[in-house]
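Heads up, the next two complexes both have subunit A, just with different partners, subunit B and then subunit C.
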Partner chain A sequence: MSVVSNILPYAVAVWLFGAGLYGIATSRNLIHLVGCLGVCQSATYVLLLGLGYRWGSIAPIFYDHPPGTPAVDPVMQALVLTDIVVGATLTALLLVLTIQVYKRSGSLDPEKLRPMRARQGSDRAEGSDRGHDGKRTVL
Partner chain B sequence: MSAILPLLFLLTALSGTAVVLVRDPTRQVFVIAVNGLVLTILFDALQAPDVALSELAVGSAAVPLLYLVALMAVRNQLPGKES
Partner chain C sequence: MTLGPSALLPLPVAIPLVFCAVMLATAHLLPGRLPDILATLAALSVAILSGMIAVHAADGPLVYWFGGWEPRDGVHLGIGFGVDAASGWIAAFIGVLYVLTFIFAWGFFDRTHGHFHILMLLFLAAMIGFCFTRDMFNLFVWFEVMSVAAFALTAYHLEKSALSGAINFTVINSLAGFLMLGGIGLIYAQTGSLDFEGIASAVGRGGRDPVVAGAFCLVATALMIKGAIVPFQFWLADAHAVAPSPVSVIFSGAMVSLGLFGLAKVSAVVFAGSDQVQHALPTLLEGLGSITAILGGWMALLQRHMKRMLAFSTISHAGIMLTALGALSPAGTGGMLVYVVGHGLVKGALFMIAGILLATRASIDEIALRGLGRGIGPAGFAMTLAGLLLCGLPIGVLDQGTRLVQGALWHQERWIALAAGAIGAGLTGAAVLRATGRIFLGLGPDPGDEGGAPSEDEREKANRPLWVMLGPCCVLLAFDVGLPASLIANATPEAASAFMHQPSVSAKAEGPAWLPWISVALALAGAGYGLFRTRLPKLVIRPLRATQSVPTRALELLHSGLIGDYAAWLAIGVALIASILAVS
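So, the complex of A and B:
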């Protein structure tokens, strides 16, 4: 029981990270991909809080406890707090980039994204494709 | 107390896997919100109430609203693309 309890936070963190990576690798929708990245971030929350946790300790708030009572590590909690805020910012940034990709290419499928090309080169080389792109740019 | 913590860890792994396995982004938004709630309960059980409060505000309210705004922006582009 004790060994399982010591290993379990790390095992759950590894499992969440692996599941998020599997989702990112097999995703066919960019919004779904950002959600899978959020699962990878929750793996870091579980890892950090599992590192700082001690059995039978109180929360690091000493308002109604005498000083010296065993408490969990407050440094890890500060790191997780920073991680949550950074994660929310990263999600917002990636969603904005996803909307921009949809406006430019008309698709949310990462498989249908083409490599970026120089604007002048595609103007002369691929006239028919260029007309299609121009129509989309007007919209 | 010592039995509820492994259960919460397993529940977290389960809900994270559910976020990955739900492929439709419109349905995934709700699963993300539920995942934020499960993480909130886990953090509270791990004696981190401030982190739990922040996760409740960010993970189960703010981030799903961001996904809804992104889905709305993508959906509003659809009629313009066809005309």
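So, the complex of A and C:
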């Protein structure tokens, strides 16, 4: 087929992955973030289906076709199926975590949920340094 | 199919999965400590079986085709396990680590209905499968099973910091999974095979091919994310610091190094025929590895949260392992495999000590714990020994691995990687020894009643006898120190050659004997500076403080804890790896 239809699936896959990654990088809401992760994953679906597709061939079911009829690659479709299962697991797990986060902190903004950060804002994390600074301010 | 030793191959994966299923079905009926016993037994059987497999595999790799789908006419339709001696021993090591972790976690959770053990066994099965498989897609499946079990285990406590750490971990590692799957799709489209050997022969025939390089870029990125290599390392510190201590033992001891183990296998076996990839690898692995080793060590030195400090030290050691891979020789890879085991033993012991402090002293903050360790002296001894081993004290398995790695790098005259490794090991040792001095000897300036730890108050179940927790930790250290060096020295060259599918080479040179001592000296100096800096003359301190503060602030800013920043760094990292591959 034409160059465009050969390139198109890959271009779409790259675009989807980039868009999803941009969404994750800028997200201010965990549910939105889970959605963006889903967009990234759709990139893999498109890529795999695009790689396995053969123009002018049938689905790989030979019930009413003679064996040897050109068919699309069934291995890729199996990969996509597994990928969908993985995606469902991840989305479910992340949404469970999101619910638990909301229950405990009342917020879905990743900015407010940083793990292991000092409560005193931008204080240096090392204690011995702070001990020293503390003494200096007392003097 | 004849019943030879090959028939053993599925068992180390199947046994934990069967235990999982049975325990899940009967979770509410199992009395008291039965889940602990069952899980320990399952892990023990995995360790023994893997050891048997490794012994058999010394004569030649064992292969098992599921359902008897053996390859015909060079076409690999079936999925197979292929185990060489090195993979077998790594699996046996993982089994041992799990046994000791289950003993350490005895009675750790009150009312779990065995869910902790079920997840851990699933995690174990995935790790063994990851070691054994010889099929790209199967590798991905185990990678994902490993990840999902790890995500759930990180968030096990369902506390605020555990949850946000787990979300960061999940998102970044899911992206790793997607990248890996994309890479696998590309390589399958190009070579028409998913079997390691099938892909390798097709890649060897193909010549220079951008699709193969692209596939390698994606798969390598995914495995480096698992292996916490800069700039993908951010998730690790968040996840390891908040996971329950027994889980952290497995994370740092086995999961991270398994990512690099996978990278070693994929680059040595699957992409061996691609000149483009093999040309790019030394620069790529050594550059990233050196940066990782130093950055991890530096960050470890800045932490007061002990588990976070240990997490950064794991990052540093992952960097050292990566530089060893960059040597692209059986000597380097053999050293890396020994290093994986040695590091796992020592780091596992250190995380157990952190767990002991968390359980008996109800804190994980180095400053708050100052002097509180006096009642548990044996733990202090163990921690001192582990800290010294970590920075390169010349005894034990970790040291043997270090020497092999340094020897391989030395003979290829890769001075930057050598220096980075020695400095990284020294810095992590300094961090551990400083914490030991402060906690168990009460050294260092008294901070007074200053601000709390950088996380919410953590506790782990306290009413467990000390020996249950300290015992496994000491066994780990005893393994590291006590495994006969000649045994490893004899087995490593052949195992490494079989692992890399290369003809066996005999003489294996070790690095210079003085190099590990530099790391030890650096560690002692670093720890001493951390503890006694107030007593040093101002003339010494001022320039040191000045050089410290700016890069330190920058590093602290980088490790923002924001998932968005991590995703941006991931994109930059992929672009970097792709560009290195493109120009070679």
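Basically, the second predicted complex is superposed on the first by the 113 of 139 C-alpha atoms of A that agree within 3 Å, B and C clash if a C-alpha of one lies under 4 Å from a C-alpha of the other, contacts with A are read in each partner's own complex, and residues count from 1 in each chain.
In the analysis below, a contact is a pair of C-beta atoms (placed from the backbone, for glycine too) under 8 Å apart; a residue touches a chain by one contact, two chains touch by 3 or more.
A quick note: this is a predicted structure, and the numbers were derived from the prediction, not measured.
In the superposition on chain A, A:Ala59 contacts subunit B only, with no contact to subunit C. After overlaying the two complexes on the shared chain, residue contacts for A:Ile7 are found with neither subunit B nor subunit C.
Contacts of A:Thr98 after superposition on the shared chain: both subunit B and subunit C are touched. Contacts of A:Leu113 after superposition: subunit C is touched, whereas subunit B is not reached.
Judged by the touch definition given at the top, the superposed model places A:Leu51 against subunit C, while subunit B stays out of reach. Once the two complexes are overlaid on the shared chain, A:Leu90 sits against subunit C while remaining clear of subunit B. Residues 43, 98 of subunit A contact both subunit B in one complex and subunit C in the other. Those residues of subunit A that touch subunit B in the shared complex are 4-5, 8-9, 12, 15-16, 19-20, 22-23, 28-29, 31-32, 34-36, 38-39, 42-43, 45-46, 49-50, 53, 55, 57-61, 71-72, 77, 80-81, 84-85, 87-88, 91-92, 95-96, 98-99, 102-103, 106, 108, 136, 139. Looking at the complex, you find that subunit C touches subunit A at residues 137, 141, 144, 148, 151-152, 155, 158-161, 163-168, 170-171, 174-175, 177-178, 181-182, 184-186, 188-189, 194, 237-238, 241-242, 302-305, 308, 365-367, 444-448, 450-452, 454-455, 530, 533-534, 552-553, 556, 560-565, 567-568, 570-571. Every residue of subunit B that touches subunit A in the complex is listed here, in rising order: 2, 5-6, 9-10, 12-13, 16-17, 19-21, 23-25, 28, 32, 35, 39, 42-43, 46-51, 54-55, 58-59, 62-63, 66-67, 69-71, 73-74, 77, 80-81, 83. Here subunit A touches subunit C in the complex through residues 13, 17, 21, 24-27, 30, 33, 37, 40-41, 43-44, 47-48, 51-52, 75-76, 79, 82-83, 86, 89-90, 93-94, 97-98, 100-101, 104-105, 110-111, 113-120, 123-128, 130-132, 134-135, going by the rule given at the top.
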